[in-house]
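What follows is a pair of complexes built around subunit A, which joins subunit B in one and subunit C in the other.
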Partner chain A sequence: MSILHTVNKSPFDRNSLESCVRLAAKGGAVLMIEDGVYGAMKGTSKSEVVSNAMNDLTFYVLGPDLKARGVDESKLIDGIKVVDYNGFVNLTVENDKVQSWL
Partner chain B sequence: MKLSIQVNEGPYNHEASVTALNYTKAALEAGHEIFRVFFYHDGVNNGTRYTTPPQDDMHIANSWSELADKHGLDLVVCVAAAQRRGIVDEGEQERNGKDGNNIAPGFRISGLGQLIEAGIQSERLVVFGD
Partner chain C sequence: MSETKQFMYVNRKAPYGTIYAWESLEVVLIGAAFEQDVRLAFVDDGVYQLCKGQDTTGLGIKNFSATYKALGDYDVNKIYIEKESLDARGLTLDDLMPLVYEDENDDWAEKDSIKVVSSQEMAELFEQSDVLFNF
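Here is the complex of A and B:
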């Protein structure tokens, strides 16, 4: 069984990304949305939260929310997949459950 | 697939109302069924027709009403959260002796059981908010 986890707060604001990555079961998917997209940037003090977990989890980021914040896709940690809202819907359908880390 | 949405944030807290709205639109466009949208906590503030943002602002409350009208969505506002925040329909107006009501078109006020039912009846429950 796979779970889609959504994280909507910046890792510099809350610890929800770290909690999610610590507790998510192997094979799960993590989608960063809203201010959560800051967790997808490379070269920050929180980048390792994601990069260290990439063998166990698949990471996605919501493209429109990146764009709204002026974060270019070239600034993302390698291996993170960018999805649009249609991709977000598909992720909720493809996984068995959705867990929002609020 | 049958989906339900829970919105815990008002239209002017952070971004979750708009995220939920965009998600709901995308799901409908992809042919999925939205069983219910449940507004909880500050999310009930999405359901007042008295919201009057500047004309060049996105009108989030109206967007929900328009989407409900177009797709026959069931938009449910939690009654206890609504009472605390002054979201009132005709029934609540009469019951609590208020001088008016403000529920937006397409929304209805009901209980938490509606959220539980949505969770049981839907294949996925997607939560947006704070």
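Here is the complex of A and C:
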């Protein structure tokens, strides 16, 4: 039983990413979309939220949302996987259910 | 009706600033009417939804906090509150409305619907659910 968690808010604006990481069980997947993609960047005051959780959770970020915001993939925290819309669909199929951290 | 599913409604927003809390309550009652196994989780600002003493007369909008007390009558009696969210806001169980139900399997004894759980226990409850609704 695994959950795909989606986070669509910037971690500098809301606590969605932090709550997701706190309440996600080990083995879950986290996909950052829309303004949530800012949570995937390295060297920020929130980068540790992701890097500290990488042993327990797998992190993904939606490529088109990164591109739209001018965030180059070289600025991402190491280990985060970039997916396209097909990858998003695959993640929803691979996991039993989706939890969207609005 | 096919098999019963376990529905978990996750509430993360305070009651009057946005429509989320009220909408969640409506959907919960609909789910309960279809005799699904309904559970409610309150985390983050969602815990403010259950605070005692809400009075919206000065706002001219409906005070829907009394509706939570009716949930037991709709067989919605599994209400989980994350302890870490209460602690972060300086709240304890005493600050919340008591929510109870009558247990038909125990001579209609009145029992507490609310259970305070840790983040880890909450994560397990999410895993065990068939469907998650986020508000």
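The definition used in the following text is that the second predicted complex is superposed on the first by the 102 of 102 C-alpha atoms of A that agree within 3 Å, B and C clash if a C-alpha of one lies under 4 Å from a C-alpha of the other, contacts with A are read in each partner's own complex, and residues count from 1 in each chain.
Here, contacts are C-beta pairs under 8 Å (C-beta built on N, C-alpha and C of every residue); 3 or more make two chains touch, one makes a residue touch a chain.
Because the structure is a prediction, the values reported are computed rather than measured.
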When subunit B and subunit C are modelled together on subunit A, clash or fit: fit
Partner chain(s) touched by A:Leu23 [first = subunit B, second = subunit C, both, neither]: second
First (subunit B), second (subunit C), both or neither touched by A:Asn52: neither
Inter-chain angle, subunit B to subunit C through the CA centre of subunit A, in degrees rounded to a multiple of 10: 60
Which superposed partner A:Leu102 touches (first subunit B, second subunit C, both, neither): both
Which superposed partner A:Asn15 touches (first subunit B, second subunit C, both, neither): second
Dominant toucher of subunit A (residue count), subunit B or subunit C: B
First, second, both or neither for A:Ile3, with subunit B first and subunit C second: second
Partner chain(s) touched by A:Glu34 [first = subunit B, second = subunit C, both, neither]: first
Per-pair minimum CA distance [subunit C against subunit B, superposed on A] in Å: 7
Contact residues common to both interfaces of subunit A (with subunit B and with subunit C): 97-98, 100, 102
In the complex, subunit A residues that touch subunit C: 1, 3, 15, 19, 22-25, 97-102
Touching residues on subunit B, where the partner in the complex is subunit A: 1, 3, 8, 14-16, 19, 22-23, 25-27, 29-30, 32, 124-130
Residue numbers on subunit A that touch subunit B, as the complex places them: 6, 8, 33-35, 64-65, 84-86, 88-90, 92-93, 97-98, 100, 102
Subunit A-facing residues of subunit C, complex: 10, 12, 20, 43-44, 82, 84, 119, 122-124, 126-132, 134-135
